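Look at the two complexes coming up: subunit A is in both, with subunit B in one and subunit C in the other.
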Partner chain A sequence: MTRTEAPTLTYAFAVCRGGDVTAPADPLAEPPGLGGLPGLGTGAPVRTVAAGPLTAVVQDVPAAGFDEEALRSRLSDGAELERCARAHHAVITAASALAPAVPLPLATVYLDDGRVREALGEREASLLAALDRIAGRVEWGVKVYAPTGPRPAPEASPGDGPVSGRAYLNRVRTRQYGREQRHTLALRAAERVDTVVRGLAVAARRLRPHGVEVTGRHRTHVLNAAYLLDLGRERELRAALVSLRRDETDVQIELSGPWAPYSFADGGITDTAAAP
Partner chain B sequence: MTERDLVHPPSVATERHPSDLAEILERVLDKGIVIAGDIKIDLLDIELLTIRLRLFISSVDTARRAGIDWWETDPALSSRAARDTLAQENAELRERLHALESRIGAEEPSTDGTEGLTSVGAAEEERRP
Partner chain C sequence: MTTPPTRGPAKALWEAVPAATARKEAPAWGTTPAEALGPLGVPLVDLLDRVLATGVVISGDLVIAIAEVPLVRLSLHALLSSVNERVPAPWTDSGPL
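Moving on, here comes the complex of A and B:
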């Protein structure tokens, strides 16, 4: 730790196959797609670290702002968490546009480039396998929502004055029954959507449904799924969704993507036990 | 987060770009291949966990009732489950404490024993050695 320069750490975003993002013949030795990115906004360029057959996409970050304590408070602050998440995502997206890239989780930080090389070396086989699995493929997100309102038929007649207790209970029961029935229908619709999209995908994964803070009160999230599709199948996917939306009138279907294959990078090879 | 409130129910054919914060968060926090960094930050930690819970878990009871439970193994959820158990236990204890306090109140001579309280007090009496 010299006093002359503020000490830095190496923040890693993604791992590519060596040469993919920085091919020697590539005139873009410092790929503009990466070098031009602000990354986490530390002022340092987004660059690459070669490690055998692999290349990590990294950025220097000030140690003072990214050590354990600083990171924790940083990521505990909603606005800062959002900024970091979007910055992290932007670099991964840019790297994925250049070459197959295995995304690393937010806040993967090393003491220096040497430690990045070591980490990549230790996971070389699994990282290469992951790169093979995602090459030429992208992730799509499909979400299905069940509308929670408005009620189908507000059979109440407000002008009638006081209602009998039994009438009131009946109305509540009917409303409750209607809600449950709508929800069941929505779940079945979600399963049908999943079946169709799964048919186009090489892999599928279900994510947790979002809570009401995300969806709003007017709808319930009944399916949150990610699918890994070959690059050429986007048109088929869109066509399938058009017809699904036409058929499944009980639900709202949303498509998002293409995403870097976040949800499929670790399929079966997550290597947490081997942490040094 | 306010932009989400602007999404109205009738937008059936909506398609969003991958810019939705919740979608980004669920990917950059949970997904990606895990290789251990030098700086140990547990992404399931403390406040961050709360944010995750707010984003993802609030519909959990609804979802579970509906049979959507494939994320049950999630560690964040497990700790949530643990906390729920604690909260429930807490509530039960508080209830018992309240009941006990009522009984003590009932036994005090100054209190005119209402029927409910007296009977509770009597039950208490019986249990005494």
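Moving on, here comes the complex of A and C:
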């Protein structure tokens, strides 16, 4: 390397149990996938940092591109945010395929490997507990939407000539009432969906429903939930979804996954802000 | 009685859901263009729900307020708005009577 060493920071993606992803004595245990990953595309390999019983999956990133100021502008740029999120996710997915891995949030950056070890050391007990909880399990996402498009009432055809003020107000009231009724029905349907899927899961969590800027104006997001399921229950889950879609005709139900257990990794760290 | 796969941990499942399936399953997004699905077949909004809002917060050395994410939410908002501008909603409750 003739390149002069630019100062670097250590970007952390995920935390695994030590022996799971690094076992120097056993070359097969060294993740074949991780080293070959582009990660954030900095040119440095994705590697591991051992910290007692834990191992962090990390990558060196140039300090100039990932200091606080640079990160701020990076994550404010939609395209760059997406690129970072997908890169982050790709590494976590690869790590999860090798061993239970606690995903870290986007843009978890340390000054150096020593700081990574310290941070892991401080959280050792809760990280080990989280690893126990997610082992052999994956996360699934279920979202329920209520269509907002009005069902045109038969008597409300605007083509019937001039409309009196009272008829107009009646129509507004009827539409408002119908809208509230549909929303209530959709919320109840969402609760039924949640109850069924929760029954298959070992843990469940409500995420924030998306606003209209995400869903579009033609539907309302009434449930955004994540469930932690044992591996091997996918078939049951899919069958349950088929059945729910057949029964709950007033709402749209979407399933995503399997995900690395993003939403179930923070046990032991009281996270009141994120709790439902 | 179903026999759960006895293969390794998460790997089997991740492989069992190729991108094509994930796309078919997850997004009935009327408003998400195809390019919002990356090579991994994951809808961006679902991904951001997870990489931003959840996960263990081990405070890094750089304080990017990920737990609050005002900054990132702003940019997410801008990102998704720009996505939706290209696909106007067909009908809304605030449409003409």
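Operating definition for what follows: the second predicted complex is superposed on the first by the 251 of 276 C-alpha atoms of A that agree within 3 Å, B and C clash if a C-alpha of one lies under 4 Å from a C-alpha of the other, contacts with A are read in each partner's own complex, and residues count from 1 in each chain.
Here is the rule we go by: contacts are C-beta pairs under 8 Å (C-beta built on N, C-alpha and C of every residue); 3 or more make two chains touch, one makes a residue touch a chain.
Worth saying up front: this structure is predicted, and the values here are computed from it rather than measured.
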Clash or fit (per the criteria above) of subunit B with subunit C on subunit A: clash
Contacts of A:81 with subunit B and subunit C, given as first, second, both or neither: both
First, second, both or neither for A:97, with subunit B first and subunit C second: second
Which superposed partner A:174 touches (first subunit B, second subunit C, both, neither): neither
Touched partner set for A:136, first subunit B, second subunit C, both or neither: second
Which superposed partner A:254 touches (first subunit B, second subunit C, both, neither): both
Touching partner for A:109 - first (subunit B), second (subunit C), both, neither: both
First (subunit B), second (subunit C), both or neither touched by A:127: both
Contacts of A:183 with subunit B and subunit C, given as first, second, both or neither: first
Which superposed partner A:208 touches (first subunit B, second subunit C, both, neither): both
Subunit A residues contacted in one complex by subunit B, in the other by subunit C: 9, 12, 15, 66-68, 71-72, 75-76, 78, 81-82, 85-86, 88-89, 93, 102-111, 115, 119-120, 122-123, 126-127, 130, 141, 149, 207-208, 210, 213-216, 218-219, 224, 252, 254-259, 262-263, 265-266, 269, 271, 274
Complex contact set, residues of subunit A against subunit C: 9, 12, 15, 66-68, 71-72, 75-79, 81-82, 85-86, 88-90, 93, 96-100, 102-111, 115, 119-120, 122-123, 126-127, 130, 135-136, 138-139, 141, 148-150, 156, 158, 168, 171-172, 175, 179, 205, 207-208, 210, 213-219, 224, 226, 230-236, 252, 254-260, 262-263, 265-266, 269, 271, 273-274
Subunit A residues touching subunit B - in the complex, by the definition given at the top: 9, 12, 15, 66-68, 71-72, 75-76, 78, 81-82, 85-86, 88-89, 92-93, 102-111, 115, 119-120, 122-123, 126-127, 130, 141, 147, 149, 183-184, 187, 206-216, 218-222, 224, 245, 252-259, 262-263, 265-266, 269-272, 274-276
Subunit A-touching residues of subunit C, taken from the complex the two chains share: 2, 4-5, 8-17, 22, 25-28, 30-31, 38-40, 42-64, 66-68, 71-72, 74-82, 84, 87, 89-97
Residue ranges of subunit B in contact with subunit A within the complex: 1, 4-5, 7-9, 11-41, 43, 45-48, 51, 54-60, 62-63, 66-68, 70-71, 74
